[in-house]
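Some structures are shown below for you to check.
Each of the next two complexes has subunit A plus one more chain, namely subunit B in the first and subunit C in the second.
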Partner chain A sequence: MRMDRIGREPEFSRYMDLKEGWLDRRIFSDADIYEEELYRIFARSWLFVAHESQLPKAGDFLTTHMGEDAVIVTRQPDGTIKVYLNSCPHRGNKVCFADAGNTRRFVCNYHGWAFNTAGELQGMHEEYCYDEGDIDRKKNGLRQVARVGSYKGLVFATFAEDGPSLDAWLGDFRWYLDMLLDNEEGGTELVGGCIKSVISANWKFGVENFIGDAYHAGWTHDSGCRSMNNGQPFPPIDMENSYHASVNGHGWEFGTEGVGDLFLLGRPKVMEYYEKMRPKMADRLGTMRSQIFGSVASASIFPNVSFLPGISTFRQWQPKGPMQFELKTWVIVNKAMPDDIKDEVTKGVMQTFGPGGTFEMDDGENWENCTTVNRGVVTRHERLHYRCGIGRQIDHDTLPGIVYRGQYNDANQRGFYQRWLDMMEATDLEAMPPRPEPRLTGIAETRDLPGLFAL
Partner chain B sequence: MNQTSTVERPSTGAAASLEVSHALTQTLYREARRLDDEDYAGWVAMLADDLHYHMPGIETRYRRDTTDQITDLTRMAYYNDNLDEIKKRLSRLETGTAWSEDPATRYTHIVTNVEVENTEKADEFRVFSNFYAYRNRNERDEDSLIGNRIDIWREAGGAYQLVKRRIILKHNIMLSKNLNIYL
Partner chain C sequence: MLDLHPEPALHDVVTALTQRLFHEARLLDDERFEDWLELLCEDVSYHMALKSRRFRADRSAPIAVGAGNVFNDNLARLKLRIDRLRSGFVWAEDPPNFVRRVVSNVEVLPGDAPNETIVHSVIVIHRNRIDGQNRLLTAGRTDRWRKGGEGWRLAAREILLDHSVLPDSNVNVFF
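Now for the complex of A and B:
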């Protein structure tokens, strides 16, 4: 799409020095920077809009936001998915007010303009009032996004006509994503429903917390961990055998002990299920990934999706102004799981990472205060420290991405803000550098990566 | 016939006796006071061993949509807990490291519209009520949670214990950062 603002004063690099390891706090509070984020990041990124399992049948729809743009996501009769603005081209009113459902058409409440599930204008109330030549129906459908793509169940859309394909956007991060999306035959689904809350904090605090901040977990969540596991403290972190991996601004921090996040969920039956499954997972994804899955880990997909592999919360941080976001949360499970295990996972997620969860309760308060203190003009010009582990980058034979040793690290956060800067300053998305050069180019499945099973 | 009465069943319209209605209304007020005072030991003492405490997440759907958002227990829920699970949540407060509970949140639970009905079981009563729960913390954080409840209370040794509670919160998007409260 045409972006009038792009190219104007691309000087966002003054807000950070990632080689030194600091950020300027204004990126978490300034209204002008937030407005530029909507144009430069949210109107140009591949954004998560749905999981395929939420739209099993033709006519199934859900409503969501891409940045602050309201969109409808629908399953077409031919099985494809379309995404278009939830806004009538006549006066702009919303045409759908439900969170989800099944329909044959969307009719605007204002003047009765009716659209099929492909978003095409089919007719309107008192159509005779339009003379010949007044309206071209073909040009007055609901505004479609530029591209829709999916990766192993996750559906993404972008308003950008040009720029990287979804595969290139995700890049080598697919190697990590497959631990969540493809650890068992049949893939994943979201449990029914969606629980939403409002947090008066900048959206990036949620993303960066999940992308790399294992460091906060043992302190912020001491009470959560002890409550779910009979008083036991947070599992110990092995700084030698745990990592940060960053790819194109996405990030996954993880141990290799295999059980930490499963332990934090506090549901022994779920732990047993995965322990039994682990040899199969090793056959499917290789030994390394079967050891990573279930470990203390957290991850984010640039720009605003996060999840905890093993704990199974899946979430999106929807921006609502510089100092507020809406948190949408789901529970992600393997389709092949027996129903009682799905129920165990769902209960576990809601008891840990629902709004009333023993972990979630302590996060919101932190992020709100990290944000709202920046109302102070002196405070907002102070720098924030992002230097932890800055010297620990390694080359790793198996792990793709920009890899740092030790999961207590700010490396993935620095990787995220590097991509934020790339997007904020890019006039041509195609020219954005891959970070780093991909290993998976030309490989259809991440399990086909040479050498994966040799280790 | 030994099954506990359900919260799904529509109202029987069979009002309980004045004495039972009064006793259960007072029980609801006592429960609210204990929650206001963070007297969770006192609250747990009012809960039955076979408790089911359920607060479903409810999406906005068109009227024609027949999705069961209330009684389908496989769907996401703020609470879908038995007594042990409620105790687990509460044990967070005993750790001394529940940072967002210190300074304490200030709560007021207002309970109204109480109706008490007999059920098929002589010792169990269905109680409808509305609630307004107000929270205020730190400098100016505040929010209001409003909704309906349907409970089953069981008489046991001269007092009443909560066996089932279904809470219908009126929010679609919960207009708050967390839910450090019981309703």
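Now for the complex of A and C:
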């Protein structure tokens, strides 16, 4: 990895002033900045690569990307998961062109180099052409990532040898993540396969929309809401009892009314299911989290995963150049749900936030147009306004993270770009400051956090 | 055993259904959605799944629960989509996108019921969007059309999209 690029004089802080609340538009289209993002953020972050449920058996694999680097994720015979480059060490061709499946080996189409599912070179076509000393098989396996970790079903990998552990990377955001991943015994699974679409926009627009932009919903998605709700627009947001919470660049914006996102899914049976479950969720995660789950909410994990708890769309924004990304979407459900409820959730997600969904169809073009318009040679030098709610930070007894009151806010977006800046400028990832200081120090399980049962 | 000689449908049936498909495409191009709904049976099913790329020899289990459906609609659900388009609040469609459908490879086969036919066809949809970008979507369709008092109506449509990655940010079009 070309880490020699990293360690120059800091140069990215000029693209934003988050205390003032503005961003420079060039970060959304500039090719040089994008290239630096690939090195400094995507080659050094913990990146989501799979959900454990996608790889139940030994030999199960899927192909994905870490930044623009193609990788294979496989389940090993011992139950562990390996992640390595999907690129033959001979000439670089992909060794697997399928999206997913089960296999014993990967064979390169070009010269027949064959690798086992651990990524080790097993043999080559016409192997006699290599004289003794020409090739060391042990050194010509598929290049492994530096570290693989998982948190309650989500598998992450990083190319960075050093830097925070996955637990430290997620930090107190685990308190929020558990509302999605651990609200019922048995955890979660992805169902319904993956739907992929190409959007001609900068990847950050997707992430920042989900990390904190409740504000757009009432306007952008007005048509979708009215069509699903007998002509009625979105109800007004309760600015007093809704929040933004940001941890290490991750963010969750949410109400506490408990039903908004469940309602938007448009599936009464799913709503009933969660209403019945809510007391159990309160026993498990505390009253506050049982009230947050199901509310109007959206969230992103830094740098490029987002989801809607309650609506159950789970997605990744894969960068494909400064002005394009591939959106991969899945449906996430609790394993313990009966099949008919899983099916209802899947239908609901596709009808709302699939590529043909009543809400999803409004978003893509906004992001595409923001991206292309921001690129204008005069336009790009104008600042963008990210100041909404800048004075509403609070200390909250129960809620961890950097917390702001009022769901209509740019706070989580500012938190995301602060982490973007941290990563772009850090020479030593270990030295990056936690944002904020964690409460969960030394406690792996968020159910044990003191103060949990206060509302 | 593959039957290479299915009974050919009567010539006027083929003509009628081919004209139906062309007419339907023109209604949709012209955004005459209410007229389009008139061509659908009360129990219509309208379905499109996105497929993943798998090796030919792949034997892993098909997806057990749910499916990656872009459309999985009944009549009420299709009406809801049209209500949305008619709401006046669909900013991404205003000014309107230019959409043109080309329908071809029409093949009419007998259905299971005496008043039904199976109709295979191919559709190419060209979208010229607000931002000036062109998008081309192609799909195969297998329909079931049912003949009643008001002529042929669509009872079921299975759309096989020819893209493993959807080449657009949305599919705000009917196939």
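As a working rule, the second predicted complex is superposed on the first by the 449 of 455 C-alpha atoms of A that agree within 3 Å, B and C clash if a C-alpha of one lies under 4 Å from a C-alpha of the other, contacts with A are read in each partner's own complex, and residues count from 1 in each chain.
Going forward, contacts are C-beta pairs under 8 Å (C-beta built on N, C-alpha and C of every residue); 3 or more make two chains touch, one makes a residue touch a chain.
The model shown is predicted, which means the values in this text are computed figures rather than measured ones.
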Superposed partners subunit B and subunit C on subunit A - clash or fit: clash
Which of subunit B and subunit C A:R26 touches, first, second, both or neither: neither
Partner chain in contact with A:H111 - subunit B first, subunit C second, else both or neither: neither
Partner chain in contact with A:D99 - subunit B first, subunit C second, else both or neither: both
First (subunit B), second (subunit C), both or neither touched by A:D60: second
Touching partner for A:E365 - first (subunit B), second (subunit C), both, neither: both
Set of subunit A residues, in rising order, touched by both subunit B and subunit C: 97-103, 191-200, 220, 222-224, 226-228, 326, 331, 339, 342-343, 346-347, 350-351, 354-356, 358, 360-362, 364-366, 368
Residue ranges of subunit C touching subunit A (in the complex, touch as defined): 48, 50, 52-55, 58-60, 63-73, 77, 80-81, 83-85, 87-92, 129-131, 133, 164-172
Residue ranges of subunit A in contact with subunit C within the complex: 60, 97-103, 191-201, 220, 222-224, 226-228, 326-327, 331, 339, 342-343, 345-347, 350-351, 354-356, 358, 360-369, 372
Residues on subunit A engaged by subunit B in the complex (per definition of touch): 97-103, 191-200, 220, 222-224, 226-228, 231, 266, 326, 329-331, 339, 342-343, 346-347, 350-351, 354-356, 358, 360-362, 364-366, 368
Residue ranges of subunit B touching subunit A (in the complex, touch as defined): 56-57, 59-62, 65, 67, 69, 72-81, 85, 88-93, 95-100, 172-181
